[in-house]
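Below you'll find the structures, each written out as C-alpha cells.
Paired with chain B in one complex and with chain C in the other, chain A is shared by the two complexes that follow.
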Partner chain A sequence: MKIFLICLALPAFLLPAACLLYILWQAWPALSLELITGTVDAIEGQGLSFGSQQALWHQISGSLLMMLLACSLATPIALSIALFHALWASKRQKKMVLSLLQVLQSIPPIVYGLCGLVLLVHLLQWGISLAAGAVILSVIILPLLSSNIIHALERVPFEQSQAALSLGLSHMEMIVRVWLPSAWSGILTGILLAMARALSETAPILFTATVFSGIAWPESLFSPVTSLQTHIFYLAQEGSNAQATQTAWASAAVLLSLVLCLSLTAWFLRRYEESL
Partner chain B sequence: MSHIQSQARPQPNQESPSFETITQPSIEIHQLSLILSDKTILHDVSLQIANTGITTLIGPSGAGKSSLLRCFNMLYDHWSGDIKINQQNIKQWQGGGDSLRQHIGLIAQKPSVFPASIYENVIFGLSRKQRKQNQDSWVEQCLIQAALWDEVKDRLQSPACTLSVGQQQRLCLARALALRPSILLLDEPTASLDPRSKQLIENVLQTLAKHIPMLCVTHDLEQAQRLQGEVIFMCDGKIIETGHSSDFFQNPNKLETREFLQWAVCECPSD
Partner chain C sequence: MRLSPLSISVFLGCLIACISTCALVWFLFDSSWPYWRSFGLSQIFSSQWYPYESLYGLLPAIVGSIWAMFIAMGFAVPCALAAAIVSSEMLPCSWQNGLRLSMEILAGIPSVVYGLIGLWVLLPWLQNTFHLLTGHSLLAAGLILSLMILPTIMLMAQDALRLVPREQREAAKHLGLDWNQRLYRILLPQAWPGIRSGILLALGRVLGETMAVMLVVGSLDRLPQPIYNILAPAQTLTSRIGREMGEAAFGSMHFSALMACGLLLAVTAIFLSLFTQRNTPQT
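== the complex of A and B ==
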C-alpha cells in the first residue's frame, strides 16, 4: 500500500523537477549577464529583429514594477479584510468572507483580464497601461493575500488579545502592539506568496498593461509597460525563429528564478515562524 | 466624580511608589443578567463584594463565574443590570471600557506574556504619558509586589517567554499591578501551576489583598478555604449561597451547596 501511494505521489514531485531541469537545459546557451543588462537600442542598431535578441532588463523591471504596485494596492485592503474578520465579524459573516475569498480565488485570471479590458482600458479610458495591469493584478492576488493574513492573525494566541484588552488597550493599540509584532512573519510570508503569484500571471496583463516592443520604461502610470511573462508569450509564438525560441527559454528561466526566490524566502520565513 | 476616577493614574515618576495609597472602593452588583447566543449565562445576580480581602467564587463549570468577571471589566458589555464601583455604574464610566479596564486588573488562568522583554511586559499597559522618569523603580516595585524581583532582577531585558509558567503568571500579576488597579479579578490564577508556584501566588495575593479587593474564581475548594475570605457559590448563572470561608465550608445552608461540596470532595479529593 505504502509503495503504491508513493508511486502515485512521485509524479507530483518528478514532473515539476523535470520541467525545471528542461527549462534550464534549454535556456543555458542563452543565459548570460548580457541577457539582462544589454540595451534595446544597441540591439536594434545592429539591425536584428527586436525581441528575439537579448536585453531583458526592461521586461524584468516592468514585471517587478507591476508586481510591487499590485501588492501596494492589495496589502492594505487585505489587511483591512483580515482585521474585520478577526475583530468585528460575526460567525456568519466570517463564513461569508471566507467563502467569498474562495470564490474570487477560483475565477480564471483571464476573466479578470477581460473585466479589466472593458472597465479600466475602455470604460475609464486608462488605455493599455501600467495602472490597469497593477489594479487587475491586485484584484487577482487579493483573495490569496487576505486568506494568508487571516491565517497569520488567527495564529496570535487568543489569551494575548484578552490580556492586551484587559490592560485597557484599545483595539487599535492591540493590533499595533500585539497582533502585528506576533504575526509579522506570517503576514510577510503571505505578501511574498502574493508577489510570486502576481509575477506569474500572464493572461490578465496581456489585455490590460503590456506591449511587446517600443517601450523601455513607462513614462507614467498610464503608459504601457513590457513584462517578462508576456515577452515569453510573444517570443514563443515565433516558433520558426530559433533565436526567439532560445530567448524565450532564457526569459522563462529568469522568471522562474524570480518566482523561486520569492517562494523560498516565504518558505524560510514560515519555518522561522514555526520555530518561534 | 467617583473617588476611583479622580484618583491619580499610575505615576511611575512618583517618589517611592506604593500600593498602600490605594483606597478600597465599594463594589456592588445589582440584578445582573447576561445572555450569550440565546443562552442565559447570568440570571439576576446581586451581591456586594467586600472591599478588602479575597472574595472567592466557586461552583461547577458553566455556572457563570468567569462570565461574571468578564462583565466586570466590560469584556462582555451586553449585560443588563448594574455594576457599581463607588456608586458609579461602570456602563457610564468616563472614557469607556478601555479606561475602566485600566482600573480593573484581570489575571487569566493561562499566563499570557507578550513577545517582549520582562521589563517591557511590566510596563506594557502604561501609556506613553505614564512612562516617565523613575520608571525603573516602579517596575522594581511591581516585581517585588509580585514576588518575582529576586528571580529576574539580573535579566530584565530577557524575553518574557523564557520564564517558567509560574514566573510568567507572577509577571502577569506585576503587569496588572503596574496600572495600580482598584480591583483585581482572578480567573483560576493557579489552575495551570505546580504546587510550589501555586503557594507562591497565594502568598502574594494574600499580601496584596490587604490593599486591593480581589474577586477570585477557583475550582480548588481547599484554596478557597486557604484564602480566608468571603465565598460565593454559583450554579446555573445564579448565586446560591454566600458566607465567610470559616462558616461556609463547615455549615452550608442550602441543599445545592451541600451537594456540590460533597460531590467536590468525592470527585476531587486532592483539590
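== the complex of A and C ==
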C-alpha cells in the first residue's frame, strides 16, 4: 500500500522541478541581456517573424505598469473593506462579507474581462487601453487582496485593540499605532500575492488592453500597451517559427522569474511572521 | 458610528466595491439578454455553433468543459491525495516545508506558461503516442488542467490531514490498528471535509481556466464523435470566449451569445462556491 501511494505521488513531487527546469533549459539559448534591453532591430524581421525579434523591455514595462496601476487602485478599496470588517461590521455582516468575497474570487477571470470589455472599452469609449486593463485587473485581485488583509488584521490580538480603545485612542490612532506595527507583514504578504496574481492573469487583458507589438511606451492611460503575458500567447500562435518559439520560452522564463520573485518574497515574509 | 475622515473613506471604498460588483452582474445580464430573448434556454441543448449562419448552440462547449473537468479531476485527485498522504504521514517535517514551497511555486506559474508547456511538450507527445493529426484534444486540455490544480488539492488535503488530532492517531495506534487501517478508518474520514472543499475549489479553477486550455484544446465547435472520444479537438466555454471575443462585433448576436457563455460560467462558479461554503467545516 505504501509503495503504491508513493508511486502515485511521484508525479506530484517531480513535476514542479521538471517544469521549472524544462522552461529554463528551453529559454537558455535565447536569454541574454540584448533580448531584454533591445539592441535587436525590430524592423529587420518582417513577415513571418514580425514582432518575434523585438526586445522584451516594452512588454516587461507594460506588464509591470499595468500591475502597479491595478494594485494601487485595488489596495485602498481592499483596505477599506478590511477596516469595515474589523471595526464596524456585526457578526452577520462579517460572515456575509467573507462569503461574498469568496464568491467573487470563484468567478472566472475571463468573465471579469467580458464585463470590462462591455462597460469600459465599449460603453465608456475607453477603447483598448491601459486604463481598462488596470481596472479589470484591480477588480480581479480585489477579493484576494481584501480577504488577505482581513485575515492579517484578524491576527492582531483582541486584547491589544481593546486596551488601545480603553486608553482613549481614536480608531485612526489605533490603526496606526497598534494594528500596523503588528499586521504590516501580513498586509504586505497579501499585496505581494495580489501583485503576482495580477502579473500572471492573461485572458481578461487579451482583448481589453493589449496589442501584439509596435508600442514602445503607452502615450496615455487610454492607449493600448504590450504585455509579457499576451506576448507569450501571440508568439505561441506563430507555430513553426523557430525564432518565435525561442523568444516565447525566454519571455516565459522572464515572466516566471518576476512572478516567483513576488511570491517567494511573500513566502519568506509569512515564514518570518510565523517565527515571531 | 461617528462621522470622521476614516469612516467616510471606509464608506466610500466599500461603496465603490459594491457598485462595481453590481455593475458586473448587471452588464453580464444586460448584454447577454438579446441572446436569451431570441433563442431561449433551448439553445443550451442545441449542438450547432456557426456564428455566420446565426446558429448558436452551446452544447459542444458545455460537453467539452465537462469532459475537461472529469479528465483533470481523474488525474489530479488520486495523485494529489497520494502526495498529501505521503508528505504528511511518511516524510519528516523538514521535507514537508520544502514540498509546500515547491507546490506553491507550481501554483504560481502563470497559466499561459502552462499553455506553452502543453503546446510544445504535451501535444507532440500525444501526437506520437496516439498517432493523431495534431494532438489538439480534450485529453491534452485535461492533462494540463490536472497539472494546474494539483497544488490546490494537495495543499488543502495536506492541511486537512495535519489537523487530525494527535490523540486520535495515538489512540488508534494503541488499539493496534496497522498503517492501512489507520489511514482508511481514522485519517481519511476525519480529513474528508477539508479534502472535499479543496476538490471543489479546484473544480472552480478548472471551469474558469482559459489560456492553457485555449492553446491546446483545438477550438473545434463540434460534439466529440462518439461522445466519449476525448482524442478529438473540441471546445470549452472559456476557450470559445477567448478565441472569438476579438472578432465578434460589439452589439451583434454573436457578441451576445459569447456573453451568454460568460454568464453560464459565472452562474456555475457562483453555485459551486456557495455549495463549497455550505460544506466547508468551520475552523
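Rule of thumb we're sticking to: the second predicted complex is superposed on the first by the 252 of 276 C-alpha atoms of A that agree within 3 Å, B and C clash if a C-alpha of one lies under 4 Å from a C-alpha of the other, contacts with A are read in each partner's own complex, and residues count from 1 in each chain.
The rule is short, and it goes like this: contacts are C-beta pairs under 8 Å (C-beta built on N, C-alpha and C of every residue); 3 or more make two chains touch, one makes a residue touch a chain.
Note that the structure is a prediction, hence the values are computed from the model and not measured.
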item	value
Clash or fit, chain B versus chain C on superposed chain A	fit
Partner chain in contact with A:81 - chain B first, chain C second, else both or neither	second
Touched partner set for A:17, first chain B, second chain C, both or neither	second
Per-residue touch tally on chain A - higher for chain B or for chain C	C
First, second, both or neither for A:169, with chain B first and chain C second	first
Touched partner set for A:115, first chain B, second chain C, both or neither	second
Chain A as apex of chain B and chain C, Cα-centre angle in degrees (nearest 10)	100
Partner chain in contact with A:181 - chain B first, chain C second, else both or neither	first
Touched partner set for A:160, first chain B, second chain C, both or neither	first
After superposition on chain A, the shortest CA separation from chain B to chain C (Å)	10
On chain A, the residue positions that both chain B and chain C contact, one per complex	170
Residue numbers on chain A that touch chain B, as the complex places them	157, 159-160, 162-170, 177-178, 181-182
Chain A-touching residues of chain C, taken from the complex the two chains share	1, 4-7, 9-14, 16-17, 20-21, 23-24, 27-28, 31, 78-80, 82-83, 85-87, 90, 99, 101-106, 108-113, 115-117, 119-121, 147, 150, 154, 179-180, 183, 201, 204, 207-211, 214-215, 238, 241-242, 245-246, 250, 258-259, 262, 265-266, 269-270, 272-274, 276-277
Chain A residues touching chain C - in the complex, by the definition given at the top	1-2, 5-6, 8-9, 11-13, 15-17, 19-20, 22-23, 76-77, 79-81, 83-84, 87-88, 99-100, 102-112, 114-115, 117-119, 122, 139, 142, 146, 170-172, 175, 196, 199-203, 206-207, 229-230, 232-233, 236, 245, 248-249, 252, 255-256, 259-260, 263-264, 267
In the complex with chain A, residue positions of chain B that touch it	73, 75, 98-102, 104-106, 108, 110, 112, 114-116, 124-125, 172, 175-176, 179
